[in-house]
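Report on the following structure.
Going by the order they are written in, the chains are A, B, C and D; count residues from 1 in each one.
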Amino acid sequence: MQLDTNSIDNHNQSRLNAHKNKLSYWADEVEKAEATIQKLIDFQIAIPSWALGTGGTRFGRFAGGGEPRNLEEKIADVGLLHALNRSSGAISLHIPWDIPTDPKAIQELAGQYGLAFDAVNSNTFQDQSDQSLSYKFGSLQHTDAAVRQQAIDHNIEVIRHGEALGSKALTVWLSDGSSFPGQLNFRKAFQRTLDSLGEIYAALPSDWKMFVEYKAFEPNFYSMTVGDWGSSFLYASKLGPKAYTLVDLGHHLPNANIEQIVAILLNEGKLGGFHFNDSKYGDDDLTAGSIKPYQLFLIFNELIEGMDARGMNHASSLGWMIDASHNVKDPLEDLLQSVEAIQLAYAQALLVDRVALEEAREANDVAQAQEILQDAFRTDVRPLVAEARLRVGGALQPLALYRSLNMRQQLIGERGAKAVATGL
Amino acid sequence: MQLDTNSIDNHNQSRLNAHKNKLSYWADEVEKAEATIQKLIDFQIAIPSWALGTGGTRFGRFAGGGEPRNLEEKIADVGLLHALNRSSGAISLHIPWDIPTDPKAIQELAGQYGLAFDAVNSNTFQDQSDQSLSYKFGSLQHTDAAVRQQAIDHNIEVIRHGEALGSKALTVWLSDGSSFPGQLNFRKAFQRTLDSLGEIYAALPSDWKMFVEYKAFEPNFYSMTVGDWGSSFLYASKLGPKAYTLVDLGHHLPNANIEQIVAILLNEGKLGGFHFNDSKYGDDDLTAGSIKPYQLFLIFNELIEGMDARGMNHASSLGWMIDASHNVKDPLEDLLQSVEAIQLAYAQALLVDRVALEEAREANDVAQAQEILQDAFRTDVRPLVAEARLRVGGALQPLALYRSLNMRQQLIGERGAKAVATGL
Amino acid sequence: MQLDTNSIDNHNQSRLNAHKNKLSYWADEVEKAEATIQKLIDFQIAIPSWALGTGGTRFGRFAGGGEPRNLEEKIADVGLLHALNRSSGAISLHIPWDIPTDPKAIQELAGQYGLAFDAVNSNTFQDQSDQSLSYKFGSLQHTDAAVRQQAIDHNIEVIRHGEALGSKALTVWLSDGSSFPGQLNFRKAFQRTLDSLGEIYAALPSDWKMFVEYKAFEPNFYSMTVGDWGSSFLYASKLGPKAYTLVDLGHHLPNANIEQIVAILLNEGKLGGFHFNDSKYGDDDLTAGSIKPYQLFLIFNELIEGMDARGMNHASSLGWMIDASHNVKDPLEDLLQSVEAIQLAYAQALLVDRVALEEAREANDVAQAQEILQDAFRTDVRPLVAEARLRVGGALQPLALYRSLNMRQQLIGERGAKAVATGL
Amino acid sequence: MQLDTNSIDNHNQSRLNAHKNKLSYWADEVEKAEATIQKLIDFQIAIPSWALGTGGTRFGRFAGGGEPRNLEEKIADVGLLHALNRSSGAISLHIPWDIPTDPKAIQELAGQYGLAFDAVNSNTFQDQSDQSLSYKFGSLQHTDAAVRQQAIDHNIEVIRHGEALGSKALTVWLSDGSSFPGQLNFRKAFQRTLDSLGEIYAALPSDWKMFVEYKAFEPNFYSMTVGDWGSSFLYASKLGPKAYTLVDLGHHLPNANIEQIVAILLNEGKLGGFHFNDSKYGDDDLTAGSIKPYQLFLIFNELIEGMDARGMNHASSLGWMIDASHNVKDPLEDLLQSVEAIQLAYAQALLVDRVALEEAREANDVAQAQEILQDAFRTDVRPLVAEARLRVGGALQPLALYRSLNMRQQLIGERGAKAVATGL
């Protein structure tokens, strides 16, 4: 299914006056409006290939319909999102769920939708049917060198797939850990994991990065071998300059101050990328900004502060990706909502008066510092985000357009009501 | 597979001297040794039919082998456990995973193993393939009356199955809730759930109980409609005298004082039963006593205090059941460990000097109250638990015997390495 | 110190054009603008007398200056807040920190500032120097009947003070509980507390309410005898129709869904009032809306839904109060920020399109329900709140005016740099 | 007050037969009994000078009586503990609460009790009355270089005091952080803190260590500048080989796996020391082992594994200290209970069959690994700990002896019922 550009034009035309009215108000109200719009245009958030189907929990999965049945259809789905919001211009593949058998053709197809290939993701947290050794007790940490080698080989294979598509980074998320006290020798598990990562690192192309993702718990329920930012930082430091920490918002203990972690990692030059989602209890993988939008804003506030301090380009210097699970929503709608929430948080953070903020901080004027942040957060930046979309051919209101065109129904018509995408 | 009683005799014989030596020491050390042994003999913990296979998470499942392929084999597995420890004399069925097509035969089979049928469990948290309406957005809370009716009918059907087998209780665990702010009208969801429960309650046989289980989160990640003990208590109070709250140790927010909840519910006459497991982060469903054994002891301390204060029989007045998931262990070994840990905690709690404890409390002698509890907890009651098993024909060391007889290998031989039990 | 009304006029005059411009935009954008403004005008949030000085932690307290030295100065401070924002028209006293020796005079003084007396608060969590028995091991739960009687008598005395001032409610927050396993017989503690509360309840004037506040932990670190909403609800139900649960936002376990608790309590007719603050870890007592503004909005969303469903008046049917601690800010500035954040959340919740929301809910249109809530939350309602203030004589920007008039410096001039208010 | 050695002898004599009976049983049961006893004898746990008085919370403090009024009496209290248990042979001083005006005399006094001086502790989390600049907004992180210098100077002064007494380590616990989003530039705060620590580090004697303690929250409630082990490790790594991380059990986010942190830090050669206490919610500072004794055991299990792997001496290579607050118990009784709980955990961890454990781990035999740990934990090692005390002149049951001699009453007689020790 391709989105007709006429559809977008008609949609925008009918909303244009109302939009212009809002924009003109906010362009007056907000000093940095134009600069913000430009930065929003440049800012792209990758969509993971496994987030295009309905997700589930260990208790069950309630599939929707019209889910993509193969990599080509996944690319089409991301292409549809990108046509709507002009901000989802990259796809992040997962191996082995999305092995591109004909990389050239796949790259060409993605190019037709204006999509690049973001970080590739390995999977050693599940056993595949054709796999000789099991990851039941871990992969890169495993006590058996043969299992470790299998996992290393898999990661290197993922790099090769990524090279063929033009990816520039490998994301390694390990479920390795233990579920019971006593199960693991923490020391040896750390060393084995480090050694294994080292072999993968050695296979990285020179212009690639490796993202070492951490997670506090699940699916292991006692310890995770890359369990927090401190551990991930240790691995990344020992591995070398191409290794970085990747932060997934849902991978922390309760009440963690994620924005401070972001600031520290940026300061150490070791923040590599982001997995956006939201959560109330654990790795709930809910729509970005649906539970704690102020936290999302505070994270962007640190990102901007830290990237600007180091002269990093907002759009290109870090990996930005959504990583969510859509258990009770249409996945495409959920992704549109996530991208919108991320853009709003980014835009609000761009509005922060940084000079005044630093002044307030230097003066320990806590109330004023809070006022400055809240002033930005309380600003209704939706017209700015809409304008950014409008300027590059996207829809003023992507979700509304998606709905008015009955896109899910069209997808079901094409793919069937029982189509189930690979993924979690 | 049946356990040869000779095996147990041989096992016990070879360990008897060492055991008698220990027992004689502890019989001297501990005043209430004999009374404790008698209570341990009476205390039975039900095994859920879904806990006999390897469990998994949303990320994957690493099956073991020799898992029971049908209800008959599940009963055989529980029978094996019971033969080993003489404390697993009941099985708790789950419908529709374990529909007994010939209840008479099933009952007879269970009887051969000395097993009774504990509470039956309904399932409205998953869609079955032959189901007309979906539980994607809840069951007893659903906005659509037809879905609610389907769920009510299912629960009543579960009661009928239970009646045929001699069960005396229905456990209702609902995954109903919401994953996003706004999704649910909490007020209406509560009322609908209450009305639906009311219809099920009306269908309860006169000598049955209904257990209303609560859970803080998962699989819904914003709200659960029966989310805490307060909610469950409200439902149970409004439903009537046959309705009770069921406590699952893993269903709480971080740091909850579960033992206090137990005491309050007992005091209100509304505690119905228990699901034992252990956890560090959420509903991790780990082996009972594997993470916080002192908490397990404190819970039993409240149970004994509260049941004794109300003249309740320890063994029969509450429903005792394990509810765990065995992701990285042999399920039968895990269950043997859980039962042992529960018995140890129960035995230690029986040893508490309650007269001295009340004296210390009345005097606000906090250090002394702590000493009294710790004195019981620090006591090595393993010989008492072993003696209880020995007296009624169980094995002194069930896990060691299970291993020495290569039982898992035998089961794999019988059932195959790829047999996968129904369940989570 | 009295605020010169000219100051407000000058302040408003200089900002009027900009304000009118914003208001006119939003009056067009938001359908319910006028109704919202009216409701904001009626909505008053009580200020606790103990929140006018610098707060501290067990590690220390860093006093500011110009803190009120007596009840009269506390009333003057609240009067100042109310003059600025016209929304802080009530003061909540704490006994014994603020015993009114001449109630008539105090009432008259408050009247001059336009202030009413909100709920009165007892204190049995500290020992006063003239106290005969200690609350070290609890008050209403105490094993010694004489201590319980002392605490009962104190509460009744607090009611008498409240009556003399025109209060209509007593807030009972108990620190009673235990810090170690074993310390407390939970059952007896519950019964004793209930009996003690019953005696206080019996002394309530007929038109009074009793608020039973709960708290999960601190200052007791193992159990709290009124530890969660379920417990508080039990006490309030047993006490009678004048007893209600009071919710303090900071008194929950991590990740608690407070808005759902609010909905349940309202539905049961047992929600009595609110203590506003914000927190990240425990009872941090931070400025309302400073950490989780979306949660604050969601709470108001439930409050409005539930109160409207029961025909309750927003302004008068519940007790609204701030309960915060100002450790690193000027207390008056902090309170202005808190009131503003509460008003914004209330205004945003008023904007929710409830008809559309219920439609989305009935259709299980989760994405749409989220859109509806987020649409309201993302609206910049600051002009509406400012307009509400403007219409009844408050300042367009209370904090800015407070600062421009150097009010803290004036207070220090009057009261000295070392003045320390009673309180925590 | 000095403890009469006759008292101990009499106490021991009357319990000797019972003890010998138990010991003989356990010496048979436990292979490593004698080696364990020897290690227990060598193991000393320092007592902090601020833990000898009644502690409190921000809500209040309920003093006991007979608290030490000066450093000499604090030393006497620790001397008393050490006489009773022979395991509290060191005292950890806090400056400025315990400035030794005559170090020689103090050292001599301590020597009479057999006490050494453990790490000295600085205090920049409170303002002292004679202090020129305030720490309200931090100390080593402060925006004002003069405040930082004051804090640096204070730390160096603390080192000088420590040198005079024979201490060999400085513990730096910083409350530096922020209570509101926006308040702090995390990057600058980190750098300033690092620079300040660097100046203190430069002043360390060559044979000293610096312990950088981390804490997740309190008294700052949004961010802590040394907030987790990762941060502390970063500081310690940048500072140099004499800087180490110090772990306080209560300073973590909910559900943290502290034992894994210990293993990682040991493996990196950066674990410096320990503050023992227990907690359920936050930094509750309860008696060690009173809430989660199994966790305490698991921590010792990692300590032993890690220290043995690096050839570190258990008794001397790390700093061991209790850091608790005694709000509802006699401080000396609480400390006796803490030391006992620590010794029990250490002894149980020594009993772990490490060869078998490593075998089980290498074979991924999770159930067996759990059995091995639980076997050690379930062993009643109290007779071994008592025997260790007995052999070096301590009491078989220190708490019982303390009580039978009415020691608190004697202290009240000496010091008065209103004596209040400096501290929290």
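We take it that a contact is a pair of C-beta atoms (placed from the backbone, for glycine too) under 8 Å apart; a residue touches a chain by one contact, two chains touch by 3 or more.
Worth saying up front: this structure is predicted, and the values here are computed from it rather than measured.
Colleague: Counting C-beta pairs in contact, which comes out ahead: C-D or B-D?
Modeller: If we tally the C-beta pairs in contact for B-D and C-D, the bigger total goes to C-D.
Colleague: Please flag the chain sitting at the greatest distance from chain D, going by CA centroids.
Modeller: It is A.
Colleague: What whole-number Å value describes the gap between the mean CA coordinates of chain C and chain D?
Modeller: 40
Colleague: I'd like to verify one number: the distance from the centre of chain A to the centre of chain D, where each centre is the average of its C-alpha atoms, in whole angstrom.
Modeller: Here the centre of chain D sits 43 Å away from the centre of chain A.
Colleague: For chain B, write out the residues touching at least two other chains, lowest number first.
Modeller: In chain B, the residues touching two or more other chains are 136-137, 179-181, 183, 216-217, 222, 254-255, 257, 280-281, 287, 290-291, 294, 328-329, 364, 366, 370.
Colleague: Help me check something: in the complex, which residues belonging to chain D touch chain B?
Modeller: 22, 25, 29, 254-255, 257, 280-281, 287, 289-295, 328-330, 333-334, 337, 341, 344, 364, 366-367, 370-371, 374, 377-380, 382, 399
Colleague: Can you check the complex and tell me which residues of chain B touch chain C?
Modeller: 136-137, 143, 178-188, 190-191, 216-217, 222-223, 227-231, 233-234, 252-257, 259-260, 263-264, 266-268, 294, 298, 302, 305-306, 309, 357-358, 360-364, 366, 369-370, 372-373
Colleague: Once bound in the complex, which stretches of chain C touch chain D?
Modeller: Going through chain C, the ones touching chain D are 55-60, 62, 125-127, 134-137, 175, 179-181, 183, 216-219, 221-222, 254, 279-282, 284, 286-287, 290-291, 325, 327-329, 424.
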